[in-house]
Amino acid sequence: MAPPGLRTQIASNDLHHIWVRGLNLTTEVMGSLSFTDMVFLLIASRLPTREERRLLDAVLVSLMEHGLTPSAAVARVTYSVSPESLQGAVAAGLLGAGSVVLGSMEECGRILTQVDEATASGRPQAEVLEEVVSDYRVRRRRLPGLGHAIHTEGDPRTARLFEIAEECGFSGRHVANVQELARVAEGTSGRKLPINATGAIAALLLELGVPWQLHRGFALISRTAGLVAHVGEELSAPITPTLRELLREGDGPPAAAPTKGA
Amino acid sequence: MAPPGLRTQIASNDLHHIWVRGLNLTTEVMGSLSFTDMVFLLIASRLPTREERRLLDAVLVSLMEHGLTPSAAVARVTYSVSPESLQGAVAAGLLGAGSVVLGSMEECGRILTQVDEATASGRPQAEVLEEVVSDYRVRRRRLPGLGHAIHTEGDPRTARLFEIAEECGFSGRHVANVQELARVAEGTSGRKLPINATGAIAALLLELGVPWQLHRGFALISRTAGLVAHVGEELSAPITPTLRELLREGDGPPAAAPTKGA
Amino acid sequence: MAPPGLRTQIASNDLHHIWVRGLNLTTEVMGSLSFTDMVFLLIASRLPTREERRLLDAVLVSLMEHGLTPSAAVARVTYSVSPESLQGAVAAGLLGAGSVVLGSMEECGRILTQVDEATASGRPQAEVLEEVVSDYRVRRRRLPGLGHAIHTEGDPRTARLFEIAEECGFSGRHVANVQELARVAEGTSGRKLPINATGAIAALLLELGVPWQLHRGFALISRTAGLVAHVGEELSAPITPTLRELLREGDGPPAAAPTKGA
Amino acid sequence: MAPPGLRTQIASNDLHHIWVRGLNLTTEVMGSLSFTDMVFLLIASRLPTREERRLLDAVLVSLMEHGLTPSAAVARVTYSVSPESLQGAVAAGLLGAGSVVLGSMEECGRILTQVDEATASGRPQAEVLEEVVSDYRVRRRRLPGLGHAIHTEGDPRTARLFEIAEECGFSGRHVANVQELARVAEGTSGRKLPINATGAIAALLLELGVPWQLHRGFALISRTAGLVAHVGEELSAPITPTLRELLREGDGPPAAAPTKGA
């Protein structure tokens, strides 16, 4: 028998069956549930309502692609030198979904969770948000979920996400908190700091009950699909030869020898 | 201007827009397309029909989970020691989707593509399949897509996948080829070698027009979701303490010192 | 010509030569320099003295192995299912060198750098260290570089590392700071918090002039070698079959079906 | 007690000790052995002779750096977007050490092992080598270990590696086999196919007794150090802003909308 600590409630199997969250995979899932239904089922331990499914689909499709991002380039370059391992190319691309770009939704989700807990315990929203903004200001760090390097006047995905959330009945306190956070941050800094897609999604995932520790995971699910598409394009229209040429052009003899210590 | 070789047709953006395969992400995708629609769009450069969507959903949900697999355990253990990087935990888990387990669909897809090309050029199916089976036999390698360590009497997902493919009008020559491949392999080896989910999916992805080089990618898309769910469970019901204890129990002083060469 | 921003001073090449930090690889490095010399050369842009080499070797060998760690198990399991990609198995193992275990030297190095800057600007060491300890206490986080899950009465590597540093003339202010940090932490918490190998190494790498952002990298260099050895052992004495059996033992039908939302 | 299958002979520990291959880490390794000694110890279960150490050092330093390679660029780009995870940046870089570039030493080592077994069983060397060359020719694949994209007239590391091997007494049958393999391949193809560093190193690692399955691992050990140096340079002289700008320059509205299937 397995040690008691080695069990999962997510899925199990025997000779003739596979179950996921208690549903029979072949008779109750395959053919009737969508990918998005099953993602919700695995995370929330229940099937989504029609509105939850629509909102989760909107979240997932909004993050899937943004052109030739660093992550996409990384996956394509890695595939070109390690074609035996598509999993390696995709893994390399995902490793770029960190705190600076996609992964910022994790830190934003953590902040929104803290704000929610603080206001739930009676502190005024304004006070809590000002504390957050001031804390980032003192540490000279950028607030996650706000601003975008390309969409400097506003991330086009944000308004649409909030619109769909409104239609689906998920425009709750986390959405209000992230919007107020942006207002306070803009007021304090005097700069435009519109909510970007990762900030909006952090709020929406909290509305859907997903803990902040997993927020980055939804970017990973979505980007994996985008990265596979990029590897597919690399097979027919490779960017790697051009990139390698560019990287090599700095080559040639060095200017001077180093100091020797020994 | 970018060097001409550095372009993608998958997605692009400007200050106020994001396009994916020519569709406006916010007005034509978000709120109307599902995750699965968009995966199809990215890979095939067009939207799926209702039947294509249903078949692709069946493929994706069938691979998402199989319990506490080595990959799931790897992601959970990695998260427990590197919680700052969910992307690292998921990447580590995906790196196990190689030739032995999930990734076998790639090699199976390659074989089915070669069989299809050979029969298209006029060679009899039986002859081509016998050559394939004999080639693996000589090299003492297992045919990919056949047999399963747990589902030894037949992978329950296979029959269901073929049933859905039939309903959707995708029970074509690749499905026939993989079924005949299994028959020849069983006849030659005298052992039960039922088609497993990766063999069935290789055939179905070819029916959907996906080149074999990308087959493993659909396992990656699907398993990423499963791995995120496992990390979620690790937060509340960790398996890592038990695993670490087990790994440590072999510790203690060594039996003997090594021979010294120098 | 390459865009000016795409250049490295680390190494370059032409048709007949390779240079590293200005040295001709074949005539000035191969055959005369050791691996450790070249690591120092790449990071510091000069060759090490005899003492610097000895200290760096001590650092590198002290981190290479610690038995069947989670990282080692991850690399072995990953190799068993993805044998086409040794790089994938090693990468998966390295992804575990995060903030909780090996990577703690990064955060410890950052703290020691801040302490050094603060005392250099005139603040008393005691005050600065008490502030650090109190900050971690308030946030209920463990101080990096102190304590060890197995070597609870003291990490055997620490005393030896400090001894070698003393012999090599590198027992400077960073060593003093980490020792004082441990004393303050023990005094405040009333618990034994001996400096572990990662805390000692963070101090020694600062003594060698390595910025804290790269400290984790020395664990990666060292553990890569250990992981390759583990994959080698997996080929002859695999642990994976036993591990997979243990993971599978929790399988079987689930207790109950989930609530359905839709 | 641990299940019998969960043990390693590589290293172990108890409250006060760590052992590696039976040596006490603190009293017998730290301060006396170099990194290279310990790598040899872990892989071969014994300490190297002076000649073995010199040869292994030459192997390791020859692979560490080759300028701004795709792998180095991948690690730098990944670090710039995931600075919380140096292990992720290094892992991403290592994932490029696959079959096309560094990892080719694995396939070359496998071929040399087969050649050695075939000649040991009495088949003439010439016949065996011609069979190998012809097999690759038929499958239209490049022979691993021969030719180089930049060093088209000969890899400068190869002659030096063979020279050091000769001095160290390791110029044995595997070196002879790879040299003859290159001659046969050049004769058959009519093209220059000089042995590159990975081909030479495959032969030398076999001379040192390292099985071909681990050859790629020596590239990983070596490149990890190079990648850490590149991340260090990225901190002070980043290439990522230039690369991102280049990748973005292809952006803008798409030419046309896709065909819709549904």
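Letters A, B, C and D name the chains as they come in the text, with residue numbers starting at 1 for each one.
Here, contacts are C-beta pairs under 8 Å (C-beta built on N, C-alpha and C of every residue); 3 or more make two chains touch, one makes a residue touch a chain.
Computed from a predicted model, the values in this text were never measured in an experiment.
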* **For chain B placed onto chain D, the superposition rotation in degrees, Cα atoms, nearest 5** => 180
* Asked: A-B or A-D: which has the larger count of contacting C-beta pairs?
  -> A-B
* Structure fact -> Most remote chain w.r.t. Chain B, using mean C-alpha positions, is C
* CA centroid of chain B to CA centroid of chain D, Å -> 28
* Averaged over CA atoms, how far is the centre of chain A from the centre of chain B? Could you give it in whole Å? => 22
* If you average the CA atoms of chain A and of chain D, how far apart do the two points sit, in angstrom? -> 34
* In chain C, which residues are in touch with two or more of the other chains? -> 3, 6-9, 12-14, 17, 37, 67-68, 82-85, 87-88, 91-92, 95-98, 103, 150, 243, 246-248, 250-251
* To do: Could you pull out which chain A residues touch chain C in their complex?
  => 1-3, 6-9, 12-14, 17, 19, 21-23, 37, 41, 45-50, 52-53, 82, 84-85, 87-88, 91, 246-262
* Residues of chain B touching chain A in their complex? -> 3-13, 15-18, 20, 25-27, 29-31, 33-39, 42-43, 54, 57-58, 60-62, 64-68, 72, 83, 85-88, 90-92, 94-98, 103, 106, 150-154, 156-157, 159-161, 163-164, 167, 211, 213-214, 216-218, 220-222, 224-233, 235, 237-239, 241-243, 246
* Enumerate the contact residues on chain A facing chain D in the complex. => 67-71, 73-74, 77-78, 80-85, 88-89, 91-92, 95-101, 103, 150, 240, 243-244, 246-248, 250-251
